[in-house]
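Order of writing sets the chain letters: A, B, C, D, E and F. Residues in each chain are counted from 1.
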Amino acid sequence: MEPSAQLVAVATLLPLLAGLICYFLRSSAIRSLTVIVTTVALIAVSLLLLQNGPFEYSPPPVAGLEWNTLITVADMALLVVFLALGLYLRNTLITVLALAQAAIMGYFEFVMGAHVEVKPALFVDELSIIMALVISIVGSLICVYALQYMKDHEHHIQLEGGTRQPRFFFWLVVFLGAMNALVFANNLLWVYFFWEITTLCSFMLIRHDLTKESIANATRALWMNSLGGVAFAAGIVLMYERAHTLSLKELILAGAQPEMVLLPLSLLVFAGFTKAAQMPFQSWLLGAMVAPTPVSALLHSSTMVKAGVYLVVRLAPAYVGTNLSTIVALAGAFTFLLTAVLAISQSNAKRVLAYSTISNLGLIIACAGLNTPLAISAAIMLIVFHAISKALLFLCTGVIEHKIGSRDIEDMEGLISRQPALALITVVGILTMLLPPFAVLISKWAAIEASVRMPAITLFFIVGSAATVVFWVKWVGKLLGAPSGVGRRGGTSLESLYATPLVLLVGMAVVLSAVVAPVVNAIVEHAVMPYYKTAGITAVGVDLSTGVGFITVWPLFLVLMLVVTPAYFFVRVKAEQVRPAYMCGENTAAGPTVQFRTLQDRTEAIVTSGYYFEKALGEKRLNVWANPVAIALLVALVGVVLR
Amino acid sequence: MIDNERAVTPQELVDEVKKLCDGGYRFCTATCLDQGDDFEIIYHLDKDLTMQNLRMVFPKEAEVPSITGVYLAAFLIENEMKEMFGANIAGIAVDYGGRLLVTEETLQTPMLKSVQVTSLAVSPNGGAQ
Amino acid sequence: MGLINTARMKSPWILHYDCGSCNGCDIEILACLTPLYDVERFGIVNVGNPKHADVLVVTGPANRRNQRVLRNLYDQMPEPKAVIAVGTCACSGGVFHNCYNVMGGVDKVVPVNVYVPGCAAKPEAIIDGVVKALALFAPANGKEAAK
Amino acid sequence: MPWFLPGVLGNLFGGPATRLYPFQKREPFENARGQIELDRDNCNYCGACSKRCPTSAINVDRTNKVFYFEPFRCIICEACIEICPRNGIKLLSNHRSPEYTKETLIFRAEDGEKAAAASDCQ
Amino acid sequence: MTTNDLLTVIVTIVLGPLVGGFLFGVDRRLTARLQGRYGPPLAQPFYDFLKLWSKSRIVVNQSQMMYVYGYLAFTITALCLMALRQDLLIIIFVLAFGGISLIMGAFSVKSPYSNFGAQREILQMVAYEPILMLAAVAIYLKTGSFMVSDIFSKLQQPLLFSLPLIFVALLIILTIKMRKSPFDISASTHAHQEIVRGIYTEYSGPYLALIELTHWYELLLVLGIIGLFWATSIWAAAAIALAAFLLEIVVDNIEARMTWSWMIKFVWSTGITLSVVNIAVLYLLR
Amino acid sequence: MSRQTVVPFGPQHPVLPEPIQLKLTLEDERIVGALPAFGYCHRGVEKAGEINEYAQNVFLVERICGICSFIHALCYCQGIEQIMGVEVPSRAKYLRVIWSELHRIHSHLLWIGLLADAFGFESLFMQTWRYREKVMDVLEKTCGSRVIISTCTIGGVRRDISEENLSEILSTLKEVQGHLDQIAHVIEKDYTVRKRCIGVGMLPREQALAFGAVGPTMRGSGIAQDLRMTGYAAYGDLNFEPVVETGCDSYARALVRVRECYQSIDLVRQAIDRMPAGDLAVKVRGNPNGEVVFRVEQPRGELIYYIKGNGTKNLERLRVRTPTYANAATLLTMLPGMTLADVPVIALSIDPCFSCTER
């Protein structure tokens, strides 16, 4: 086995092993140790993979069994599990969808009698490596965080009976392995198998708390993803029938596929949409937030939904320049805009984050649809940087929730004086999503510049970005809104299992932004080059160029340093300089509570809240027409290529 | 004696006012007077520029009903009478609890005849006024 | 310091507060801002926010509920600052001297630098008063403004 | 929408309406209520004005023949002028100028033509 | 960065406030004249600045001032990027950073009026950002690039000829950015408002001085963007910017302030329609 | 979690010329609750009115408010005159009308300016106040002072208006009318003004009655009631009709006031036309004994004085019910449902005067 292959084996099988250890050796110490060791190993492995670069590999048969056969059998077993789940949950939809998948796969195996041999079995290019990096680094940091979180969580919900953590960590860690395997696989059948595994993992994790709500939401997630599964399966069958190959590598290296093949492609893209929770499937991801926060973090940043966009981006070279591509761009852009607007009316932090995720995934998908080298570069950059910032924000929300007992943005008011460190990290996290010179925005900039070839898409991007500002800034404002006075108050220190992932993630978000040019140079350019011949976004020294635009990041960082350093470290305010806030003259003395005098000379607390525009932009108001439009777009997605 | 005046008892008050209200009268205001042991409240109502007055006399400690149930607009004047005279008006719709106009530091129930106010102007020659 | 003093004298931003006046003096202050008297000639702007103001222009005799507001507003103004009492009421309580809720002049509540008499004080008198107050911002020309 | 455009343009080209007070002073109107002043020649310190004054701005010490006047208390209502039997108080049409301190003006009969003494008011 | 670039940056930073402050003086004087008043001296903004700068520092809490530095620094950065003829979108983003910094500052104190101001400022931003970006897109369609330098180097004909509707949309944005009626929603320069000084309510003395200073830079930047529409020569650009500036002052004096909901509706419907129509025409004629 | 905002609006607030606090509860910027807190202007005038001699009270009541000062004095004097059975010379009655109406014009112009300021139309504010100064000049010329004109006294008036000044009043009013045309035109036509006022602060006719609204607030809701119709002073001799608008919103109230300016100009003209020669005042002797309720029309509506004398030089009771006292309650129904930006407009639409209200 060549070294890279060994790395792949570790990246995919170690999580499985670790999961089993967690499951069977129920001691919490062993569990922590396992998770931490796995984390370190996965991070090391992914970095080594990066160093070794792309490669291809087909594993030899194990014990005389072809891997293909193994996976087909496992796949069938998985479908049986789904079927059983459908029956157990008494959910006809899931049952039917599981049956449909089984029927399609059965048809493929037995009726068509296809016996596909795909060489190489593993196809690891720069994109796969980038995905692996995201999964292994961001994903495992979340697992570390979960060690502390689940302790607090079970304490918090006053779980009765024994701990349910072994089960939880089993699914959590296995999830990472499945994701790694998914991005390395070349055979669409394999991809499909791991795809279904992630569906199963997410189902198990969402319903982990076994409350009524979590079970219901998990069920919704399951059926929606099963729908994607059916599309995937159908896509495979049609693909084989029309293109006579199931090798991703072949599909994408051949350039734009003939029209015949677009139908299976569109089905696969459809599957990607369900997994990436694009409208109208956003509800499963929104519902998924009932799960413990690490699950949300994992689903939103490095796994699950990223599998969806991975597939869409991965296949992009195969449908470049087609109508399908245009519809993908439109659908993505539509989701980007609408979910960004929907996020405005939310005050539940996790829901805001969820909408923001969907929105960003929409952006990525729209970039895939734009399908120029620049757009694809932007998409890849977004996948990476969004994962980091979003994981960070979910983790922050989780800690905040445990510290203040609420995940409502309005309740987070003044966190900066209650939990300074935590609030600061959260604020930085949000700013990395929102502002230049941070990388998410740089990616967005690239996306906008890429989109100008379709000004309609640009319009969606521009308006969506404006909406994005509203909910992020509102949230930042809440965190920062401190009462009058000097001197830091309160604030317990963060547990190290919380602090480590948070600090690492926030560090990554900032440092990677600062060195975005070399990063682009080292990986993103190579991830695009092979399929598009040109590089899209290129690094010119320390600058980035999109061909139509240009940015030098370091001066912006310099300015940022100039602002923050003196203000934060040197300016000290004396107590006698402090005055209470303006309250029309009826303020009370400066202090931790902000009050004013009113009727009958009584004092009353000032209450300030953000604007939510519930009436104009609430879910009730928008979903009524947005979901039908999204469905129409999906119909068009499959429709334009029907022939 | 003022024009169009009628005496009412505290018990009849609300009914009488209701009748006038139904008759299309607009509530203007009320006036409270300190008559030694009694309070006198005159309710002024108007219809087409003619005024109807209801005069109600009651002992100072007696409780009288509020008419805010009929005319919400009366809440200000009732609060004021309560505050300035200490009239015991029960059930005012928006009750300022005796703090509509004055604060704790001010003279309480200042409009009572028994409360004396002194001028702030101190004469420079030692009070030869 | 010369330049700074000039700037201070040329840019007095006022905060007008009605401390229970009869509106007579207030509308005269407003009239000062309007075309016929236009005190913006002297850089005067009515800012309506104590934190931005240099000169507090008070009318009215200061009543007991209002005095805490006046005090708060005064405290929220950054140094150097001046207070002008406009109108007889604000100077001494004037015609309201025997009203039970009146403190009798705003100097009972905040230190007053310039008293503008008149009931109502005429716009010309108010302008004179402001000019007098401005002299306080250049310490050589008058008394120390910042107490 | 620009209904007010002629108005503002008229202002712009018509020149400002500003009276350049204090650089150019307008003559006060005849009989304008600017301030009151004691005419010592006529006053006999009877105190009638002091009783009528609604603000107690005037105090008269009848025994010592002293006339105290607090200009920062006076509302220039002319009541004293109307009541005075001897035309002892005059109305001036120019306004009293603002001061840094409130002073009481003291007119003593024995001081004759001397200007009023001033004392800081409390 | 060449020496030449460095020089440009220094000149921008030094001359910017002089020109900007003077323009504000013109604004004050002209406004007064339009209202039939005499008005302050032209140097009034500088007096105001110096006075504010010399006032004692009072704050509500200890982090409040940092955001003002951010507002100033990023606005200057945006202006410098403009002077260096960089990417238009980046300029817009950096300018937005400045604005967001100010919003964060307003949020960072628990004060009702500054909170209102901040919320409204976000809405203003939401209203004008898309139009600015659409203008950038339209310019791209003419020059094939987002670089300001290409507007100067690649075009024979002023942009105004091909982008008249975009120009009108930008004039609307200019009103918002100059905080003039009918769009002085989040804080108006000196007029009275239901939310007091809105976003500036809690800043005073030297911090307010810095905010004023930032306005001077900001004004130059938006006028610069307006100037791009006649970029055949620097003088023509200055002339058209000045004309737009004067127009805004007149408009300020003949309209009432509108509400933010009306502003969003108007800017998005009219502004975006104008932009989109203009872009569509360009796109189809290409 | 609550998404409400609770803030004080006032007492010191740049759009409120007077100290009053509205405790606002908002959702986003939509008002869900508004409660006024009073007492920032309360001095205690009614009590002082019992301490002062009844003749001195004239100076006190005209300082209840500097905007409607003359009419306060008028109402008080007429009330006392009615108790004491004093017949006022008819020239004095006409002079009272002239000053009342000049006061109304200055009050309404002032209000139009403040309204313009409330929705940020600074130049309109400046314009209105610029022309208001013409009226102020006339007042100063005829009375000696600008706002507290202090010309009414028990038994008549204190100053006369010479023929020369009468004709100057006429020419000034002509000029003011011309400028008023311009301002009225802007208010009637300008899109932004209409947008900010129409439909803002609805007060349907029934509500207006139930809340006891008076004056232009009531007439803007379609109720034709004007105390001047009772014919106090010399109004009985003059021809006029109450100004009514039926829009029931802030805009209707604005129009009522604009049209009342014209009406007042007309009334001054009529009064000057018909003014008889004669004495200015009669000497009043003795002390009032008895009670009276007297009502006059202020710029803001019905003003009620209840005066009770007991035969001494001090009054037994002086009660003042000012128009804003009646109108203030309507804010409770007009504010909820509107937005924060509408607060200044709605508050101003009743032309509030809290120094009157709280005395």
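Please note the rule applied: contacts are C-beta pairs under 8 Å (C-beta built on N, C-alpha and C of every residue); 3 or more make two chains touch, one makes a residue touch a chain.
Remember, predicted model here, so these are calculated numbers, not experimental data.
Farthest chain from chain A (centres taken as the mean of C-alpha atoms): D. Interface comparison, C-F versus C-D: the higher number of contacting C-beta pairs is recorded for C-F. Averaging C-alpha coordinates per chain places the centre of chain D 28 Å away from that of chain F.
Taking each chain's centre as the mean of its C-alpha atoms, chain E lies 43 Å from chain F.
Averaging Cα coordinates per chain places chain A and chain B 68 Å apart.
Look at where the CA atoms of chain B average out and do the same for chain D: the two points lie 39 Å apart. Within chain B, contacts with two or more other chains are made by residues 99, 101-103, 110, 117, 119, 121.
Of all residues in chain C, those touching 2 or more other chains are 17, 34-36, 38, 41, 46-51, 65, 69, 73, 76, 92-95, 97-102, 119, 122, listed in ascending order. Residues of chain A found to touch two or more other chains are 579-580, 582-586, 597, 599-601, 606, 608, 610-611. Contacts from chain D toward chain E in the complex involve residues 1-5, 7-9, 11-12, 14, 16-18, 20. Chain E contributes residues 56-63, 65-66, 69-70, 73-74, 77, 86-90, 93-94, 96-97, 100-101, 103-104, 106-115, 118-119, 122-123, 125-126, 129-130, 133-134, 137, 140-141, 144-147, 196, 201-202, 272, 276, 279-280, 283 to its touches with chain A in the complex. By the touch criterion given at the top, residues 599-601 of chain A touch chain B in their complex. Residues of chain D that touch chain F in their complex: 1, 3-4, 6-8, 11, 17, 29, 31-33, 52, 54, 75-79, 82, 91, 93. Per the touch definition, chain F reaches chain C in the complex via residues 11-15, 17-19, 39-45, 47-48, 51-52, 59-60, 63-67, 69, 110, 113, 125-127, 129-130, 133, 136, 145-148, 353, 355.
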